[in-house]
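Given below, in the form of structure tokens, are the structures.
Shared between the two complexes below is chain A, which pairs with chain B and chain C, respectively.
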Partner chain A sequence: MSDVRGSRLFTDLNNIFRKDLSIDEYDVIPVTEPVHNKSPLVVIEHKLGVELWCIPILYQYAYDKLLSWRARDGTEKFLEPGEVCNLCRAVLLVNPECYTVWNIRKECVENGDLTVDEDLKLGELILTKHPKSPETFIHRRWLLQRLLNKSLLSSNDSNHSNSSVESSELLVGVDGISVNFLPTNQNTCSNNHILPKQIDRNLHRTVHHEFDICLRAAEHYACNYNAWSHRIWLIQAAFNSAVQVLLSEFRTTVTWFTQHVSDHCGFHYRQFLLKSLINQSQAVSCKFHVDVNDLLNQEFDKTTDLIGTYPGHEALWYHRKFVLHQIIDEIKTKKDQLRETLSKDNGIDLKRSRVESERQQLLEKELNLVSNKELLSCDKRECELANRYIVWIKRMLSL
Partner chain B sequence: MKLFSLSVSYKSPDGKVQQLKSAHELSSFGYFQRGSIREFMEFTSKIIVERTAVCSRASVKEQDYICHVSVRSDNLAGVVIADHEYPQRVAHTLINKVLDEFTSKISKQQWPVLKESEVNFTTLPDYLQKYQNPKESDAMTRIQSDLDETKIILYNTMESVLQRGEKLDDLVEKSEGLSTQSKTFYKTAKKTNSCCVIL
Partner chain C sequence: MNNHNHFNHHVRARSEVNHTVYEDDAPINKKLPKELLLRIFSFLDVVSLCRCAQVSKFWNILALDGSNWQRVDLFDFQKDVEGPVVVNISERCGGFLKSLSLRGCQSITDKALQIFAESCRNIEVLNLNNCKKISDLTCESLGHYSKKLLVLDLSSCSEVTNNSLKALSEGCKLLTYLDISWCTEISNGGVEALAKGCPKLSTFISQGCQQITDAGIVALAENCDNLKRLKLLGCQQITDDCLSIVGQKCHNLNNVCVSNCPRLTDTTLVALGAGCVDLKVLEVAGCTHLTDNGFQTLARTCTKLEKMDLEECIQITDSTLAHLATYCTKLSNLSLSHCELITDEGIRHIGSGACSTEYLQVLELDNCPLITDASLDHLMGCQGLERIELYDCQLITRAGIRRLRSHLPDIRVHAYFAPVTPPPSVGGGRQRYCKCCAIL
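The block that comes next holds the complex of A and B.
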């Protein structure tokens, strides 16, 4: 009985996807038992809704069939590749954490039964219902890596006379992707013509769309670590942490953070951007005339401002700690550089103590600021957070 | 931070509550959830106004949502439903402003008799949009002067607002404003402890 219903539901689902190519959202409708004699799968304005009662039936049917095919022991010894893909889709829509099934999809992609774009589209649909599904993000990274490798490979092919090292090849791909990221900057890469234009453009579009997907997932599920770490991966893998991308991300995401003041994962992403910029601080100042210290100070002021406006959010205080710590680290680096340049000079002690006192002054100023403002706040939670921060500063001072 | 709903209602002296106007911003919810969520927001607003004394303000927390309510001495009430990030004082400033404007547009005598469809007051959606970003609205600067000395009572759960012997589950079951689908929605969400549902 249930087998018959299962196969009917499965056929219905496939028909829906065949008829409507632009389904962009998927959800479960809370209907616990069949109430009317209509299909429990509905499509309204390209949104797919599945009634709750039919999900176990559909899932059981698709999962059993797929796994029995996979084990090559049951009755399902031979299945059309298209059928396999469809079964995978049915299983994953219900349970995207099923890694075996994602692996079957990977095999389908490798065998050419499924295009990368199709698979990316399924992942996108799944993320509308399961915005933090880690397996979905992992599978997307695999797909995107495949696209990136392909693009690099073709750039190598057209460029095989040039026997330059692999790392510089990677950079070519990077600059090729990110050319119109910052419209104002001077185009620093002159050799991006090596990339075949068509592939380059497709990849460009896909990667940019991926940023949107991350943001949407982060919007739908607060503190979505998986979405933000996926974005970090994108920056590293697709753009090789190129300075211009980092800077542009740093500027464009600022609005998001002022509107999600309790989302620590979002702040963590910003901290990643800041750290990467600090690591490449020389490139930042040479090519883009931006001083990393200015960025740090701006971020610090922004955080102080947000704390004043929206009291009681721990994530903001953590971010404040991070930024202050980075500022102090920068002072230390300055100190080390001074020590190197002045090692033979006898004015060394004087200079070193000056840097030392700069750090001291900064911390004391911060201590006063917080004691006179947030510590006196009438919000109990805010007081508690400010107190913890002060304890932290005092410990830094005693170091 | 987000504002989801803004509504004005009339609480008659015998404790009955009639909604006069409401606006919702539910684009961040799934397409198939919006209908039920809207019903639940109206249901919650009504319950909370019913249980808030005249001349008082309250903010009721429920999961990630906060329901801000104010009932004035002339029985006019305003409710804002926002997420937990939205500053409480701004929400109450918004209620004040909306209630003042409502009073100036619609005369007091009409409040007890008007039905929701007959109320000619169209600025709620604009307010809802404008106040999505509390920094851009003029609220931040006006807060100090605007909010009178009425204390805002804080409740940490919906249950603590209810009167003795009342249970939320029963109220949901009995409610006429909720469709069967929304009631199932409430039950399944409660069972799976889903985070995407109000209440």
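The block that comes next holds the complex of A and C.
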């Protein structure tokens, strides 16, 4: 009899999604036994609640039916494409790690039975319940890549007709998407007018929304590596790591990090931003008049602040290590440049030692600062972390 | 699937078999003349025939002889079947082929079917359900060559238009069964031409063809007076006007489905009741304007009704059920899902009606919020009841279901409650106790 209930539950679920197009969240209601003879799927204000007892039944029904259709030797020889999509939805809402089903959905998208937007919407809904689901993010990347390719293709076409700069059009094409969401808007000296605005506006909205989704997922689940790496992918794929996006991200996410001081994955994202900015430091300084060293120093001061305010968070210390390391690296590159310019000069050694001493000075200053301030902290954990940090600095000094 | 390779490799016209019996031949070939072997082969299905064709050259010729291929259903191979397979089959079978089902074979194109129509002119039954690629060209060649076509299923062939129906109406004068469900391009013009050209039509199915309106159905009713089955699910434009004409003209009608045609009112029921006394199946799910008055009139005359789908006829009350119970003595399937005004009293009528003890098999009462366990008590006499739907009837309790089961042990009760597990047998415990006693 349980399989009979499965088909009914599946119909119930489909009816709910048909009647309410804007379901934006779902979760499990902890009801282990059906007490009343009423539907275990409840919708209140676009939020879907599913009673616990019905999930195995629903899942079993949808999964068996779908896989039997997929295998082509089972009882389900023929299913309407719409039915297939619905079955996929039922399975994925319960178990978003089932990549066979995601692949079926990919086929549906390729066959035109399902639009990319619909699929993105399902993924978004799933992320409200399973914010860390890697398969969901992977599928989203596939979908977004599809959108991006389509938009690039069309923008290439129109660019050809305009006979504009061919070499940089790819870069400009993806750069332009972010234009109106930047604080440094006026600084961009770009030639965006060649872009086909209409396609891009749609895409721009989708991509912008994607950032929101990442942030929400990161908030729902602490240390959500998948959400942050999705965001990194987004910056690389959709914006080609454009400086303006990196900078605006760097500025807008500051508040988030001050509110989530132990989220190591979040700091990793920030480290990615810093690294990418350092890699393009020339573009940063000439286009936006921002010195990467200033950014590093600001970030360093910020960690000092945060460590003082929130003692005992390891992620902050790691971040501090990273920033310090980057600062030292920057000094080293400066040294290399100097050596090049002064290569004919005899005073190389002098210069070299000066730079060397600059590094030493910095590290010693840091050592003093930490040992004076943090070791006196009454928090035991904080002392431990500070001690580890000091050991690390000492090792750096001895190098 | 090896079978299809066969069609590809052995494109040979039906050949005269000159088989001389050799010493080392299998006994079956020595003993049986080829006519008898052919006769045996004619009982086999497609897969078995293709297996036989791989036994020997002799059997290959016999098994692939067109006379064995009168009825071909390729539904099981829908994803593998492509144009050449159909072409080869039609060249091999020629005039022998009477029935072909290509249901779900989405790769089939017009070209293959044009060749098919030209070579298999005796085709009587053709199922092209979900052959999404075919268009008017196929139907034009069918109209041109297939004069004997009786049954044609074009459902979900979304590219088919009115021109197809016109072509069919010119050539296939014998057509009795036509399914054009979900061919959304088709409108009144096509249906009118069809009605004029194919007067023998007895079954017409056009689910989801939103462009078909009253004019088309009226033409159908006026020309095809032998109409027995009419399925217009989801043709939302149709109104009482056309169904009144249907009621006046089509007296043989026994199966009507007008579910999800929300404009219909009681007038339809009155007209059907007056004209179609043979009505056995009536599906009016989602026709929310229908009321007790209409069903009362209908029930008085259409006493042969067997199956009724009244899902979401939200205005009907116990009075309809009382009339159905009194007059429709053969009712076996009744769906009252979402009929929210139904109460225990109505179910009492059904339970005590003439149909209840013998005929009633399926009763769907899901989402009827007013019915209680009392309803189940009223149904205890329905010995034939196989299935009862009780989803979302929130006043139904486990105890009520258990009571019903105790009277009707074979019934399938569908509710959100967990299936009743047999109570843990007390006997087991006792036995162990006894064993202990014995040991002690």
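Keep in mind that, in the parts below, the second predicted complex is superposed on the first by the 380 of 399 C-alpha atoms of A that agree within 3 Å, B and C clash if a C-alpha of one lies under 4 Å from a C-alpha of the other, contacts with A are read in each partner's own complex, and residues count from 1 in each chain.
Please note the rule applied: a residue touches a chain if its C-beta (ideal position, glycine included) is under 8 Å from a C-beta of that chain, and two chains touch if they have at least 3 such contacts.
Just so you know, these numbers come straight off a predicted model, no measurement behind them.
Asks: Would you check which partner chain A:Gly49 touches, where first means chain B only, second means chain C only, and both and neither mean what they say?
Replies: Once the two structures are laid over each other on A, A:Gly49 reaches chain B alone.
Asks: If you stack the two complexes on chain A, which partner ends up touching A:His313: first (chain B), second (chain C), both, or neither?
Replies: Touch partner of A:His313: chain B, not chain C.
Asks: Quick one: is A:His36 in contact with chain B, with chain C, with both, or with neither? Answer first, second, both or neither.
Replies: In the superposition, A:His36 touches chain C alone.
Asks: Taking the superposition on A as described, I'd like to know which of chain B and chain C A:Glu340 touches: first, second, both or neither.
Replies: After superposition on chain A, A:Glu340 lies in contact with neither partner.
Asks: If you tally the residues of chain A touched by each partner, is the higher count for chain B or for chain C?
Replies: B
Asks: Once the structures are superposed on A, label A:Lys77 by its partner contacts, choosing first (chain B), second (chain C), both or neither.
Replies: So A:Lys77 only meets chain C here.
Asks: With both complexes overlaid on chain A, does A:Arg5 touch chain B (first), chain C (second), both or neither?
Replies: So A:Arg5 only meets chain C here.
Asks: Touch test for A:Val261: chain B only (first), chain C only (second), both, or neither?
Replies: It touches chain B, and chain C stays clear.
Asks: Taking the two structures together, which residues of chain A meet both chain B and chain C?
Replies: none
Asks: Sort out for me which residues of chain B touch chain A in the complex.
Replies: 1, 28, 30-33, 36, 64, 84-85, 87, 133-135, 140, 181, 184-185, 187-189
Asks: Could you please specify the touching residues of chain A with respect to chain C in the complex?
Replies: That would be residues 1-2, 4-5, 8, 33-34, 36-40, 53-54, 72, 77-78 of chain A.
Asks: What does chain A use to touch chain B in their complex?
Replies: Those residues of chain A that touch chain B are 25, 27-32, 44-45, 47, 49, 52, 128-129, 219-220, 222, 258-262, 309-310, 313.
Asks: Along chain C, where are the residues that touch chain A in the complex?
Replies: Against chain A, the touching part of chain C is residues 75-76, 78-79, 103-104, 130, 390-394, 396-397, 412-419.
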